[in-house]
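Both complexes below contain chain A, partnered by chain B and then by chain C.
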Partner chain A sequence: MNQAALQLEEQYAQKFAKAKKAHRTKSLLKGLLFLLPSIILFSVFLFYPLFKTIYLSFFLTDSSGATTVYVGLNNYINIFTSPLFVKSFQVTFLFVLYTVPGTILVSLFLAILANEKLKGIGIFRTIFSSTMGISVAAASVFWMFLFHPSIGWLNQILAVFGIDAIGWLTDPNSALISVAISTIWMNTGFTFLILLGGLQSIDSYLYESADIDGASYFYKLRRITIPMLSPTLFFVITVSFISAFQTFGQVDMLTRGGPQNETNVIVYSIYQDAFMNYQHGVASAQAVVLFVIILILTLIQFKLGEKKVHYQ
Partner chain B sequence: MNLVKMQELAKSYDNQYNVLDGINLEIEQGEFFVLVGPSGSGKSTLLRMIAGLEDISGGILKINDKVVNHLQPKDRNLSMVFQNYALYPHLTVEQNILFGLQAKKVSKQEQQQRLTETAEMMGLSELLKRKPKQLSGGQRQRVALARSVVSHAPLCLMDEPLSNLDAKLRAHMRIEIRRLQKKLGLTMIYVTHDQVEAMTMGDRIMVLNDGKIQQVGDPITLYNQPANLFVASFIGSPKINLGKAVVQGQQLLIEDSIHIPISSSLLSRLTEHQDLTVGIRAEHLLNGKENRNAHSLEVINVEQLGNETLLTFEVGSQIWTAKWLGQWKVSVGDMVPINISIDHISFFSTKTTELIKPATITTTEQEEVIV
Partner chain C sequence: MTIPTHQKVIFYLLLIVSAFVIFAPALIAFSMSFMLGQDVMSGKILPPSFTLDNYVTVFERVPLLRFLLNSFIISIVIMIGQLVLSSLAAYAFVFLKFKGRDVLFFIFIATMMVPFEASIIPNFQTIRDLGWINSYIGLTLPFFALAFGTFLLRQAFKQIPKELKEASEVAGMGDFKFFLTVVLPMARTSLVTLGVYGFLTSWNMYLWPLLATTTETTRTVQIGLRQLQTQEQLNEWGVIMAGAIIVVLPTLILLFLGQKKLQKGLAEGALK
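Up next, the complex of A and B:
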């Protein structure tokens, strides 16, 4: 009697397990079906190129990009011993150093200004975020005119104050800074918009309570606004950081890597090696190195930043 | 001595719609004053005007005999507790409590002294290093109170501070806030939409509706002599029973279904009014078992509350509720004898909604008042 009951229970348990398993498989398949468009897109445009690049970095290629000779790690050894690549390495880091803090500070300043409740503030918000809608190419052309040695506005303004003309894009000392300035201008719109959104999500009660407590404007800024904005700041810093490493368009338009390779950032160097010198293997090796650098720096940033960010 | 004085205070947006109008009010030192009204009545706006968070469109606001219309919130020497507590999520309890003192540059020594004192009083000593996120609702509420206490401001404003708590905790915090206010001698202006909170906590209550004062008075006066139909139906739970009434000969006819004989002296007072609305509290619809004049009504719902029983009847177009002490075995559909005494009925004018005559007897025979 007891034995029979136990057996029955076991049978039921098996049945349940089977049904559960069938249910799980079904929901997994359903999930995959929904993911299919993304999987296909990512595979074609991300995963395949990524693995192909890693694969190519171990080979020499002909001009069409077909592999010819397996060289192992030689491509990597070559780029790290090449003074040209070391130079682009330095240039890229300098460029990141100029643009990331520049963009964040300018955008934060504008966002705090535009967060005030004033009449017609919408106009300023539109203006401040408008660079987001301008393509890199259009912005570069615009800045090229500003930077023009003789007819550019910047030099004309300097002339009004009796300062000698600066070869903004032609002088090796100022070329990188000039490109950085135009990049800061281009990135400000997006960063401004994100930071403004972050500011507006801060509860107004916090400021009212501080008002009653008698806190000054800068006290509120330091003790409430900046800490409450930290998750947003962290996000924009990370995104600007990655995009600064990947800068290509404005360099190509404004300086073509010159003068004297002063603006030859890594991505531009990759482009030159791959599509001007037809050395796809070397270019791939550089791309892999850049990928690893960005990956490591972002991970470090997350490790350090997470402790200082106050998520609500 | 009155601490807060309002003269013809008004608030309007875009010079068009009056949110608040003609507010005349004096709040005494050490008083627990409650502003109560339904949502949208302007009670929070009035509180924010006192705090200085909203502009005053018209009238004069005085605190401590000084006109403060033009002063910044920080110069009005008051503290405020917000509905959602407005705790800084990135700061610890200690930093939250000290935020205001640091902003005012109070000396470190004094800060520490006030902190220990306040934390002990509010039972927060163990929690000083925690973030608001790690606290329960009641503890957050206490931190918000502590922030207000630590400022040593004589006037404390509270904007629905208990509405985010569950019922049990709310009842507990009601007592705690009341005790704190008495202990520190604070003048409190307390906004709530909950008439139970208003009745249980306030020394005086102001009922606000549509931006206008309906009545100001102590809780019992509001309950016994509501100035108009709005106050009558807003104060008291269960709601006061209302019904249209007409005088027919020597009788009062309520909702075309209940006849009550009235005395000639009362008759003369009522005849000048065309339309009457009568109100009778739930506890005054008595069990009329021993009375042959009792009205027989059909029970449509029964709520057992343990120590009392709520019975619901249909009277004409109205739903009336009776509150009987004790446990009664009554089921839906039963005919129950109800004794209605003319002395328990308040009379209102239907047209103006104003009170004509309050009930002459306000306590039930079951529970005599001990004076």
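Up next, the complex of A and C:
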């Protein structure tokens, strides 16, 4: 009798486990079904290309991009020693150095201004964020005119002050800075919008109590605004770094990498090698370096972003 | 908290000067697009005479109407694709429990570390080998899956009370029906935000359309603008500017309408 009861219990347990397993398989399938479209597309257009790029970087290729000769690390040695590629890295780092602090400072200044509760502030917010809606191609056309040596506004303004005209985009000394200036302008809209959001989420109670203590405007800015904004600030800094390394459109429109390769940033160099010179191997090696740089930046954002910054 | 008058004056002064500096490049382009060629070349600032010729000419120089239509089709298809795929994925991450979910979530995060520029060579080969150069599918499909969109919608779906899901299960409602009839309508605002974002970024895409189009049939306005700029050899600034103004108008209007939502949505999807 006892034996029979035990057996029955065991049978139930087995059935229960089976049902549980079936349920698990079913929920797994359902979950995968919802995720499948994204997973397939990520695999085809993101993960596969990533591994293919790494693979290609060890080969020479023919003009269609098919591998011909295995060259080991030669492509990498090439890009770190040949003056042209080294130049491209230098240019990229300089470009990042110009645009990231420039974008952050300009956007922060605008966001702090636009965070004041003043009449008509909405119009200013709209204007400051407007460059986000302007495409790289259109923005480049705007700036191409401003940089124009004879009729461009920048040289006309300089002329008013009696300063000689500058060959903004044609002079090797100023071309990169000119592209950087136009890039800062293009990136301001997005960065401003994110920073303004960060400022608006700061508790107004903090300012009220500082007001009671008679704190000055700049004291509040230094002691409340900037520390409380630090998570957002950190986010926009990494995003700006990443987008600066990915710069392509404005270089293509404004300078085509010239003069004398002074604006030949890494993505433009990849584009030229892969799609003009048909050297997919060397281009892939550069793409891998770009990937590693962005990977490191993203990891820093994930890791440090949580610790080093002040959270409320 | 009231601001003293002298501080107010300083603020308005700074705001007006900054607004002018930020808006100047677009404003100058706008003004030039109504100018005659000789007025531009003589360095005039305001149009001494008003003409719409540039806008007529630009449509004759390049098939701009075709490019505009292409850009509209491509942007709307990418926008819809991103909304569908992101919302499905976000639903799985919020409402479904299954083994390996965390691993998959990590994979989604990992995709943010791969820049499109770094994988562009094999992607170009894929599209070429599939015969998708100069096709809408080649221009849109690679952008459907979007980790940022999934995170943004996941954040929105999390706000939906879990009790609703339980109630739907008791009522015998399937997941797909719950997703369509309850979750999507409740996350309307975030869907609109993601839609605006998707349209903006697709419309402004540059590198991929440059590679994936070789003829004018599927070329987008951005590459059309590049073509115009190369053709003109910088002599007819008014015509180029008219082209640029036409290219930025749709996105600027969209941005002005959706600025508040976009600001909130971007911060949520990115920071939390």
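By definition in this document, the second predicted complex is superposed on the first by the 274 of 312 C-alpha atoms of A that agree within 3 Å, B and C clash if a C-alpha of one lies under 4 Å from a C-alpha of the other, contacts with A are read in each partner's own complex, and residues count from 1 in each chain.
In this section, contacts are C-beta pairs under 8 Å (C-beta built on N, C-alpha and C of every residue); 3 or more make two chains touch, one makes a residue touch a chain.
If you're wondering where the values come from, they're calculated on a predicted model, not measured in any experiment.
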- [ ] Assess the superposed three-chain arrangement around chain A: do chain B and chain C clash, or do they fit?
- [x] fit
Open item on the list: So in the superposed three-chain picture, is A:E208 touching just chain B, just chain C, both, or none of them (first/second/both/neither)?
Closed with: both
Task: chain A residues touched by each partner, larger count belonging to chain B or chain C - done: C
Task: Computed vertex angle (chain A) for partners chain B and chain C, CA, steps of 10° - done: 80
Open item on the list: If we overlay the two complexes on their shared chain A, which of chain B and chain C does A:Q156 touch? Say first, second, both or neither.
Closed with: second
Task: Partner chain in contact with A:P172 - chain B first, chain C second, else both or neither - done: neither
TODO: Kindly classify A:E116 by the partners it touches after superposition: chain B alone (first), chain C alone (second), both, or neither?
DONE: second
Open item on the list: So in the superposed three-chain picture, is A:D252 touching just chain B, just chain C, both, or none of them (first/second/both/neither)?
Closed with: second
Open item on the list: Let me test your reading of the model: by the given contact rule, A:I224 touches which partner, first (chain B), second (chain C), both or neither?
Closed with: first
Open item on the list: Considering the aligned complexes, could you tell me the closest Cα pair distance between chain B and chain C in angstrom?
Closed with: 5
Open item on the list: By the touch definition above, which chain A residues appear in both interfaces, chain B in one complex and chain C in the other?
Closed with: 208, 211
Open item on the list: Can you tell me which positions in chain A touch chain B when the two form their complex?
Closed with: 203, 205-206, 208-216, 219, 223-224, 227-228, 230, 310, 312
Open item on the list: Could you list, by residue number, the parts of chain C that touch chain A in their complex?
Closed with: 1, 3, 7-8, 11-12, 14-15, 18-19, 22-26, 28-29, 32, 40-43, 84-86, 88-89, 91-92, 96-101, 104, 107-109, 111-126, 141-142, 144-145, 150, 175, 200, 203-204, 206-207, 210-211, 221-223, 225-226, 229, 234, 237, 240-241, 243-245, 247-248, 251-252, 254-256, 259, 262-264, 266-267, 270-271
Open item on the list: Quick check: in the complex, which residue numbers of chain B touch chain A?
Closed with: 51-53, 72-75, 78-80, 82, 84, 86, 88-91, 99-100, 103-104, 133, 147, 151
Task: Residues of chain A that touch chain C when the two form their complex - done: 24, 27-28, 30-32, 34-35, 37-39, 41-42, 44-50, 52-53, 56, 65, 109-110, 113-114, 116-118, 121, 123-139, 141-146, 148, 150-151, 153, 156, 185, 188, 190, 193-194, 196-198, 201, 204, 207-208, 211, 217, 231-232, 235, 239, 242, 245-246, 248-249, 252-253, 267, 270-271, 274-275, 280, 283-284, 287-288, 290-291, 294-295, 298-299, 302
